[in-house]
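Each of the next two complexes has chain A plus one other chain: chain B in the first, chain C in the second.
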Partner chain A sequence: MNTFQPIEILRAIPKILQAFPMTMLILLSSLLFSLLIGAAFAMMSLSHKKVLNVISKGYVSFMRGIPTLILIFLIYLGLPQVLKRIGIDMSGVSLTAYIIACLSLSVSANMSEMMRSAYLAVDKGQREAALSVGMSPAVAFFRVILPQAVGIAIPTLGNNIIMLFKETSLAFTIGVLDMMGKARAVSSANYGATKLEIYIAAGLIFWAFCFLMEKGTRLAEKAYTKGRRT
Partner chain B sequence: MMVSLKNIKKSFGSQQVLNGVDLDIDVGEVVVILGPSGSGKTTLLRTINFLDPGDEGSVTVGEHTVNCKKHTRPEVLGLRRRTAMVFQNYNLFANKTILENVMEGLITVKRRPKPVAEEISRKMLTRVGLSERFDYYPSALSGGQQQRAGIARALVLEPDVILFDEPTSALDPELVGEVLQTIKGIAETGITMIVVTHEIAFAKEVASRVIYMQDGVIVEQGPPSEILVHPQDPRTQRFLRRITDPNQDPKHIDMKQDDPQPEQVVEAG
Partner chain C sequence: MNFTFIKEALPQVLAAIPVTLEMALVATIIGWIIGILIAVARRNKIPVVSQICAVFVSFIRGVPMVILLYVAYYALPMMIYSATGIDTTSIPAIWYAIVALSLDQAAYSSEVFRAALDSVNRGQLEAAWSVGMTTWQAMRRIVFPQALAVALPNLSGLFVGIIKGTSLAYYVGVYEITATANLLANPGLNFIEAYVITTVIYELISFICNRLFHTAETRLNRFRPKTVA
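Presenting the complex of A and B:
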C-alpha cells in the first residue's frame, strides 16, 4: 500500500524550505568562525616559531581526522559532563550554538590548510619586491600577497563552503530543526508514509543549492582574477 | 659617501657566504660586481637592503647607518626607503597593472596623492619605453618589458642607490640588449648604482668601477680598463678567461671545476 507518489516531493519542498533560514544561520555563522579560527592556525603554521608549527599541525591533523558526527557527540554530550565537574553549567547553551561550534571547529582545519597553501603559492619574490620598495611587512601582505592569495583560494573556498553546507544536515542529530531536521519532522508527522518522497525532496534541495554555489564560485573566480592570469 | 659597507659577514647554516666585505661607494658611481656563482655577490647586494640581513657588520646609505647584528624594523625600513632593487626575475606584482606596479611605492610609501603618483609613473614608464603598455598585467608582457617596468618601479622612488641583481640573467638573449640599454640610460643620469651581472661588455662600457668577488670576499677592484684588461689577481684572470670563452655559459661558471676532480663512478643498481 506504500506507493510512491511523486507529487509528495513537490509538496514537501516548501515545508522543508521553512527551515532554510536555520540552515543558513548555521552555515554562515560556521563559515565566519571557521575562517577566523582557520586564519589563526594558518598564521601559526607559517610562523617561524617551532612550537606554534607543531600546535597548528596537531590541531589540523586532529580536526581533519575526526568525523564531524563524532565531534558533535563529543562536544554536545561529553563537554557539559566534563565542565559540570569543574562547576560550569552548560545547560543554558542553545543546540544551535553547539552545532555552530562543532562545524566551525571541524571545517576550520580545512580553512587553515587552504589559507596556508594559498599564501605559499604567491611567489616569494613579490614580497621581497614589496619590501625593497619600502613597504612594511604588513602593507606588503595586505596590498600584494593577500589579494593574490584570495584569488588562489577561491576554488578551494567554494569547495569548503559546499562541504560545510552539506554538513549542516548533521544538526538534526542533536535535535536542531535545520532543513534535514525539518524533513524528518515532516516525515514523522504523517507516520513515515511519504518518507521516500520527503528525503528525495531534501536531497534535491541540497543538490540545487550546491549547484548554485558551484556556479557562484566559478563566477567569483573569473571576476576576481580577470586579466591577471597567464 | 653614498654607500658604505663595513665588515659584512653572512652565513647560511654552516656555509660562510660573506667573509667580511668592506666597500665604500661614492655618489654617482656605477659599480659592477662580477664573480662566479656562489661567490656571494647577490647575497652582498641583498644585505644592503636587508632582504638577507648580514650576521655582522654595518650598512650605511646616505646618512643612515644600520647595524647588521642589532637592528630595528624602522631602521631597516629607513634603509629600504633609501634604496631600490631590480630583481633577476622582475618580481612585478602580478595582481597589478604595469602602471599600478610603478604607482604602488609612491602611494603606500611616499604617500603621494593618486593623481600625482599616476602622472609621475606614466612619465617614468614612458622613459623606459613602455608608454603603450600602462594597463597591461605583467603576465601579458615579454621578459624585457617586465624588467623595464621593474626598473621604472625602482627608479620612480628616487632612491639614493639602485641595486640591480642580475637584471638580464633570466632574459632571452634577444631581449638582453633593450634592458641593458635602459640601464645604461639611467646610469648616465648620475644616479648611484650597484649592478651584479655577467655582462662583461656592459661592465666595460658603463661601470665606473668593477669589483671581482670570489668565496665571499672582494678579490680585486678598480676601473674597468684595469680590472677587465689587466687583472692582477690570478683568480680574476682565470674568471675572465673562462667568461670570455664562447663555449661557456656565463651563468654557470663554477670556479671549483678548475681543480681536477677524480671521475665519479656511477654505481650500478
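Presenting the complex of A and C:
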C-alpha cells in the first residue's frame, strides 16, 4: 500500500495546469454553442406554434434524462458508424470537436430553460408600455425586455457555466488532454504511484476555479442590476 | 442496426439496472440525511461545525463527479487500511462509488433543504410553541412537512442527477448499465446499438422518477388551499 505524500499534490498542480488552455477552449466554445442552441429552443418554446413547443419540450427533457457520458459515447462512437453507412466519413473530425459538440448539446437544454424563464419573468406590462410609446416589437425586445431578462438570468447563467466547467472533465473519456486527461496522463507516467495525490490536486484546481466563477457571478450580478431594480 | 445484437444484449443491460438503482438509492438516502444535518447546522450557525460544513459544501460543489469518484476510490482503502489494518481488496468498488455519490448528494441537498427551511414562515414555529409543542414536535409536525413540499421539485432534479451520475461509476469499475453496455459493445463494435439501448433505459428511468416525484409533490401539497387560476 502506498503512503500518502501531501507534497506530491503541490508537485502535480503545475503539471495539470499545463492543460488549462485546453479546458478553457472546450469551456468557451461549448458555452458559445450552447447559448446559441439554447436560444433557438427557447424561442421555439415561447412561440405560439404548438409543434415548435412540443419539439422544444421534447428536446429539453431528452437532454435532461441522458447522462452526458452516454451522450458522448453515442456521438463519438455511435454516430460515425451510422454516418458511414450513408457514405459520410467522420474520421477527420478532431476529438475536441466531438467533446465540444456533446457538451454544447447537453448544456443547451439548461440554457434554453434559463432563457425561457428569464423572458417570462419580465413583466408583461414592460412590453406593452414599450409598444405603446411606438417601439416596434423587435426594438422593444432588444431595448426593454432583453436587458431586464439578462439581469434575471445572470445567477442561473453562472451556475450553468460552473456546471459546464465541471463537465469538461469528461473530455478525458475519449482521450482529450484537458485538465482531467492530463491528470490521468501524469498519474500513469509514474505508474500510478501518486494517483491519489494527483486527483486531489485536480480537485483543488477545479474547486479554485469554481470558487472564482461563483464570486465573478455575484460581482456581475451586482454590477449589472445596479440601479435597475428597486 | 444489428437486431440480433440488440436481442442478445438487452437482457444483460436490463440486468444491470438494479446495480444503478441500488447505487442511486443508497447514496440518496445517506446523502439527504447528511444534507438535512448540514442544513440544520448551518441555519443554527453552530460554531466551527457550520464553517466546516460551508467549506465541505463549497468543495463538493466545485469538484467534478469523476474526480470525486477517483479520490474516494483511491483514498478510502488507504484510510481504512491505515486506521484499522483491514484488507480492503475484498470491498466491492460499488461502495466507494456510493460514498462519492452520497457526499455529492449531501452537499447539493443541504442547499435545497436550507432554502426550504428558510421558506417556512417563522410564525409557524412560534404558533406551534404557543400551543405547547416542544421544538422537536413543532419541527416534525409543522415545519418539516411544509419545507419538504417546497424542497421536492429540487430534490427530484437531484435524484435524476444522481441516476445520471452513476454512469461515471464505470470508471472505478462498477458494472452498472453503462459499463455493461460498453463491455457488450466492444467485441463486435456494436456501439450505436448498445448506446441507443442505454439511452432509452436512462430516459425511461428519468421519466419514471419525475412522475413519482410529481405525484409525491401533489400529495404533499394537499394542505395548501386551491387557488383559482
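In the analysis below, the second predicted complex is superposed on the first by the 229 of 230 C-alpha atoms of A that agree within 3 Å, B and C clash if a C-alpha of one lies under 4 Å from a C-alpha of the other, contacts with A are read in each partner's own complex, and residues count from 1 in each chain.
Rule of thumb we're sticking to: a residue touches a chain if its C-beta (ideal position, glycine included) is under 8 Å from a C-beta of that chain, and two chains touch if they have at least 3 such contacts.
Since we're looking at a predicted model, the values are computed, not measured.
> Clash or fit: how do chain B and chain C relate after the overlay on chain A?
These partners fit in the superposed model.
> Looking at A:D123 after the superposition, I want to know if it touches chain B, chain C, both of them or none. Which is it: first, second, both, neither?
In the superposed model, A:D123 contacts chain B only, not chain C.
> Once the shared chain is lined up, is A:A189 touching chain B (first), chain C (second), both, or neither of them?
Once the two structures are laid over each other on A, A:A189 reaches no partner at all.
> Just checking: does A:L219 make contact with chain B only, chain C only, both, or neither of them? Give me first, second, both or neither.
Touch partners of A:L219: none, neither chain B nor chain C.
> Name the contact category of A:V139: first (chain B only), second (chain C only), both, or neither.
So A:V139 only meets chain B here.
> Which partner chains sit in contact with A:G151 here, chain B, chain C, both or neither? Use first/second/both/neither.
first
> Students often get this wrong, so check: with C-alpha centres, what angle lies at chain A between chain B and chain C, to the nearest 10 degrees?
The C-alpha centres give an angle of about 100 degrees at chain A.
> Quick check for you: in the superposed arrangement, does A:A202 touch first (chain B), second (chain C), both or neither?
Only chain C is touched by A:A202; chain B is not.
> Identify the partner contact of A:L36: answer first if only chain B is touched, second if only chain C is, both if each is, neither if none is.
In the superposed model, A:L36 contacts neither chain B nor chain C.
> Output check: A:I88 vs chain B and chain C. Expected answer is one of first, second, both, neither. What do you get?
Once the two structures are laid over each other on A, A:I88 reaches no partner at all.
> When the two structures are laid over each other on chain A, which of chain B and chain C touches more residues of chain A?
C
> Please provide the least distance in Å between a C-alpha atom of chain B and a C-alpha atom of chain C in the combined superposition.
13
> So which positions on chain A get touched by both chain B and chain C?
Of chain A, no residue contacts chain B in one complex and chain C in the other.
> Under the definition above, what is the set of chain B residues touching chain A in their complex?
Residues 49, 51, 73, 77, 80-81, 83-85, 87, 89, 91-95, 104-105, 108-109, 137, 139, 150, 153-154, 157, 163.
> What residues on chain C touch chain A, complex-wise?
Touching chain A: residues 58-59, 61-68, 70-71, 74-75, 77-78, 81-82, 160, 163-165, 167-168, 170-171, 178, 182, 185, 189, 191-192, 195-196, 198-199, 202-203, 205-207 of chain C.
> In the complex formed with chain B, which residues of chain A make contact?
123, 125-126, 128-136, 139, 143-144, 147-148, 151, 227-230
> Show which residues of chain A lie in contact with chain C when the two form their complex.
Residues of chain A touching chain C: 1-2, 4, 61-62, 64-70, 73-74, 77-79, 81-82, 162, 166-167, 169-170, 172-173, 180, 183, 195-196, 199-200, 202-203, 206-211.
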